[in-house]
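Listed after this line are the structures, all set down as structure tokens.
Here come two complexes built around chain A, the first alongside chain B, the second alongside chain C.
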Partner chain A sequence: MIILSEEFKRTLKRFFTNPSAIIGVTILIFFVMIAIFAPWIAPPKLPNNRNLDKAQSLLDNFTEDNKDLIIQELKEFWNDNYLFAEDDYIEMSVLMEKIKEYQKKQISIDELKAYIKELTDIYILNETYYNKFEEETNKVIRQLKQEFVKAEKKYNNSIVYSNMIKNLEEIEDSEKFIKYANNLVEEFNKNFIKSINFDPYIMPNVTTTRTPIPPSQEHPFGIVNQKDIFYGVIWGTRTAFEIGLIVVAISTAIGLFVGSVAAYFGGWLEEVLMRITDIFMSIPFMLAAMVLTTILGLGIKNMMIALIVFGWMVTARLIRGNILQAKNEQYVMAAKALGVSDFFVIVKHILPNTIFPVLINATMRIGSMVITAAALSFLGLGAPQGYADWGSILSYSRDWIIGGTNPTQYWFTILYPGIAMILFVIGWNLLGDALRDIFDPRMRH
Partner chain B sequence: MTTYIIRRLLLLPLIILGVTLIVFSMSQLLGPLKLLSTYVDPNTYAKMSERDIQILMEQYGLTDPLPIRYGKWLKSLFKGDLGWSVVGKEPVLSALINRFPYTFELALYALFPIIGVGIWLGVTAAVHHNSFIDQFIRIFALIGWSLPDFIWAILVLLIFYVGLGWFPPGNLSIWADQIVKSASFQNYTHLLTIDALLNGRIDIFWDALRHIIGPVIAISWLWWANLLRITRSSMLEVLRKDYVRTARSKGLPEKVVINKHARKNALIPVVTTAGQMVIGLLTGVVIVEMVFVRTGLGSFAATAAQQLDYASIMGVLLFTSLLLIIGNLIIDISYAIIDPRIRLG
Partner chain C sequence: MKGGQVLINTKQPLLKVENLHVHFKTEDGIIKAVNGVNFELFSGETLAIVGESGSGKTVTALSTIRLLDENGWISEGKIRYKDIDVLALSDNQLRKIRGKEISMIFQEPMTALNPVFTIGDQIIESLELHLDMGKQEARNRAIELLTKVGIPEPERRIDQYPHELSGGMRQRAMIAMALSCNPSILIADEPTTALDVTIQAQILELMKELQKEFQMSIIFITHDLGVVAEMADRAIVMYGGEVVESADIITIFKKPRHPYTWGLMNSIPRIDRDEERLLSIPGVVPNPLNFPKGCKFSNRCFFADKKCIEENPNLEEIEANHFSRCWHIDRMLREMHKVKEGER
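Up next is the complex of A and B:
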């Protein structure tokens, strides 16, 4: 163990005296920081309410004259959001009764369906419940029960809040009033925002015009297709890490498994596994990933599946070659002669001595996987519309630069996401390069 | 060596069969209903009743068990029937054959600058190992290697077309396109530049060349990076070999040592990379073709994928896989002939 730690120390020293390793690691740490602190660097714009915002600002600069205005804003908010809560609740409880009757076979499915239709017509229920009812009856009934719980909660809240607003009107003392009103605004905000399904990875629309808007104080990287580029670049860092790390980790694991099994057991198993590897390698990677993504349907997840399915072969070949070499080493023969089990020999003796080239290869592949994923998004085959992803933003910019009348005026649409992407890939490539220099025995002298 | 070549040739049908199996399995992920929509015109499909759909599914054998369907599909493949391409508005096979010359021509023109400059840069870097030139070339390679092709292609278009107006996108200018499509223009090879010369139309030749230079620049940097890295490391290894030291100690001039003794041997591994590059150029220039709005296999595949034209993308995948398989076979065999050490593998 002492020898190992000496070796480890020397390796670390080599690593930290290698300039490209230092630059690469610095760049990557920078991106990791951005990914971790994304919610603080580019806070997602939670959906807000005009009435609440106004009430809040009036409260912040409270004067006695404002009192009525504040109450009025809060009342308006209540009207917008809770006015029909009671009606909805009553209708929904009738629906629950009908469902119970249907489950006891007292009414037919058509009667139940007709009532759902009534509710969708007055916009209490979403239309999909009616459309999907016959196909997936049980699933829809389960969802309807959840809707009922929601409606019930909303109704209960509505009573509480309307009482609170009434109480507010009666409070004379201004300090008490501020405290009480603030509390109410906070409650409203909490319930209003929490009830909306919010995804920070979807870039919000920040303007109404589609034309790109140059960088400004508020949007430092400018705006393209109504999306804030700064927001997209910051949150896109997370997407890039997600794609790169997950795809490379899983495909490397598959390759390790296939390659090590083939090399260790040999014989017909090796022949079969390596011919399968050959077959997968005989399909052009980019086109294969493109076709599989198209077939599975657009989306980050499907794109990652496609990249994994066609991305494991290099690792398999690499580890097989290394193991075949290691198999003839004396320490492995000794372990086998001692009767150590096959699995144990692979995990304990062979893998640790052959894994470094695989890890180096994996590090280098992260960059190229991110490029391929971005290329797919660029062609409109990867990330869905509006997803925070560097490739998507660059595909917006292509439309303006190639199709626009005066393309150079839209430089910012390509510059910032492009630089982020190139730096990210350079970081991984530098790291991989440095690791290869450090671990490659031929480079040691 | 003969056994090696025979073994490779025997494996060839197996690999091709395996590729068809993968492509078939991928198409089966679509499910029978979407598969049917690849056979039927979308407008008529929308009007069909469920009973009609059922009858059609039986007619096209979509209700058969999987192995039978695979057999039928293979049979139609051998007949050259790859289905109907919605994007190309013609059978998939003829769409592929019509587009292949464009990609081939682009690859042909890209090849010379890439190989020439790439090897030159690699050798220069190795000879001036760890000097300023070496570091500069390494940084050049690193940037080229890390630069996503779509960003670089857009930049090339921006500089050389929008900025300088030299190399426009597309295949040909409109006037030239009209002449090429007219009856008086003979298509001998289907390669625009060569056909233009054979027809004696220098103006069309220049026009076609002008359109091809932009994409060639866009492709080159990415491949230079790759090629020069391989050349550099291979050259460095050879320069450490004993016979190079012997040549130097004999008092041979450095130029002779490098050109006559080192470079020849260093280029053996480069042959594989160069071969793979040719295959890569033929099968994977999707982005560059899309950005430069060129006709070709890559842009055909991307457009078909965007419009969910499943028959076309399957066809492209099969066609390019076949190119890849045959290309790799040629590389491996020629490699075995060049380098005696490989023959046993």
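Up next is the complex of A and C:
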């Protein structure tokens, strides 16, 4: 224990006396903070349910006389939204029963379909469930079960809310009343936002004109294609981390597996694996990623899959080369001569000597992966329209690069997302450099 | 220490290697690195295996704990350690012998220690593995071992990385590692070759002391006859994967009976002779695939004739416990005589 902490202290000391480590870590901490506090730095404009507006405004200008009116409003809202929750829930539970019976082959498919038809007729279910039932029975049943869970939740909520309204009627004290009512309105709204699948990553439109608007007090980075660049840059930080970390983590894991299996087992297995690696390497990365993204369909997830599929080869080669080299080192022989088992020779003696280049490579790749993703987004292949992603904002600026009256007129469309991206990459690169200097004992002087 | 062969031979050997054949598969074909080597190692003695690079001396020693590269295998032979048939052991059983019973030190102290672990870690690893020691106990023992091998300030050194130590210190740490479990046999593969001459002497002295203290046998692999004279009780000279001569150390130096051994002796610089040039054995050890058909040494031998090229001599016992593999010992003796006359 004492040994460990001593060593740990030394490592920390080395880390914090390394200038590139400090700069890199500072930049990255800055980005992490932005990513974490994005909802506070650039609060998404949550949509409000119009039907609650009146209750809200009454609450904001509260007088004792309004009490009944507010309760009235909330009751109406409840009636509009939750009155049928119980019925829906009962109908859905019957449907679940029928599905169970169907699965036990106690009723025919037609009977079940007839019941689904009934439910679609009273607008409890979407018609597609009925239409697609025969084609994709299992999938539809799975979705119906999810619908049931939703209905159950809504029913439970309806009971909670109706109780809350009842409680509200009994509250005498106005301050307590306001607090309680506000709470209820908030709850209603939260459920509303959930029900319309609100996504804060979609940049909202803030103007009606497409022409970029230069930075102002309200929109500090300016506006391009109706989107607030500030909002996009802040929320895009999360996207950048998501893409960088996930893609690099998975592709590095794949590379490590392929490379180490090839190096340990050797023979024809190594030959096959390394030739596959060569084949993947021979395809131009950008082109391959573009084609695969197009095949899989646009979107962040598919873009990430494409980047992973064509991003593991360097790691595989690196680890294989390192292991082959380390395998012939005398300390491996020495460890074997001491009677250390193969597994521990690999884990304790070979991996620590081979993993550093891979980790450093991975760290640096996180930054460059974000650039690649931005390039794909720039080409229109990555993030969907309006998604908060640095590359997407840059792709908006494509239309305005030439500018209006002079080429630099719309400088802000490219500058802010560009700066964010450059800082992000520099941060990871500096960290990677510093890690190599610090953790690789062979580099210690 | 020297000349104890009569006494030694009456005892049961600690390690007995019989008719050992080791082959390696390479892209150019199968290399027969060791061909029919026999030797015995007795308790407490030092056996030197002498030869040039590629003579099979290291492979012979490594075979005793089956520590061969993946492409190599023992194709024939018997290896007995005490009453254990080493070749019949499972990997698990073998690991219990390695490091605990038969331990090894290597030529390059620079590379034989793992650069990412402190020397303490590496000694403790072996202690935990074989002796079931706890962390603290193993650490204390490691410090004790480092003191024994003459490393100053062991409490500080134990937490240092190999690159923070000098070559001699590393070799001492390596020895501490090898001796950690009190092995009965220590295989030393050219342990002093990579060191400065002054450090060499210190390490050899240390090994002698430790041998006495731990009462172990040493197999000393080297090409340096000076070291052999210093350390060994008996020596086997190897060439081309075969034993060409074996005897106790005095006999080997006083009465070499193989042209190769004689050649090796002549290539040691000697202060008592005033020679313009050192005599050396002409040529180099051929590629193992291209050894001559008959006597392996025939293409470099001063005495070689047609018979040598066609037929490999057997290893004959020319006097008690002195073996040689040569057709022309008589001619060689005459030649040696002439040289001696010339010296006078």
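In the analysis below, the second predicted complex is superposed on the first by the 252 of 445 C-alpha atoms of A that agree within 3 Å, B and C clash if a C-alpha of one lies under 4 Å from a C-alpha of the other, contacts with A are read in each partner's own complex, and residues count from 1 in each chain.
Heads up, the rule we're going with is that a contact is a pair of C-beta atoms (placed from the backbone, for glycine too) under 8 Å apart; a residue touches a chain by one contact, two chains touch by 3 or more.
Treat the numbers as computed from the prediction; the structure is a model and nothing was measured.
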**Report entry** Touched partner set for A:Ile165, first chain B, second chain C, both or neither
**Finding:** neither
Query raised in the report: So, does A:Ile202 touch the first partner chain B, the second partner chain C, both, or neither?
Result: neither
Query raised in the report: Which chain makes contact with more of the residues of chain A, chain B or else chain C?
Result: B
Query raised in the report: If you stack the two complexes on chain A, which partner ends up touching A:Gly266: first (chain B), second (chain C), both, or neither?
Result: second
**Report entry** Touching both chain B and chain C, residues of chain A
**Finding:** 442
Query - In the complex, chain C residues that touch chain A - result: 65, 67, 70, 91, 94-100, 103-104, 106-108, 111-118, 120, 125-126, 129-130, 139, 159, 161, 163, 174, 177-178, 187
Report summary line: So, in the complex, the side of chain A touching chain C is made of residues 3, 6-7, 266, 329-331, 333-342, 348-349, 352-353, 441-442, 444
Query raised in the report: Tell me, which parts of chain A touch chain B in their complex?
Result: 275-276, 278-280, 282-288, 290-296, 367, 371, 374-375, 378-381, 391, 394, 397-398, 401-402, 407-408, 414, 418, 421-422, 425-426, 429-430, 433, 442
Requested in this report: Sort out for me which residues of chain B touch chain A in the complex.
Outcome: 11, 14-15, 18-19, 21-23, 26-27, 29-30, 142-143, 145-151, 154-155, 157-158, 162-163, 169, 237, 280, 283-284, 286-287, 290-291, 298, 301-302, 305-306, 308, 310, 313-314, 316-317, 320-321, 324-325, 328
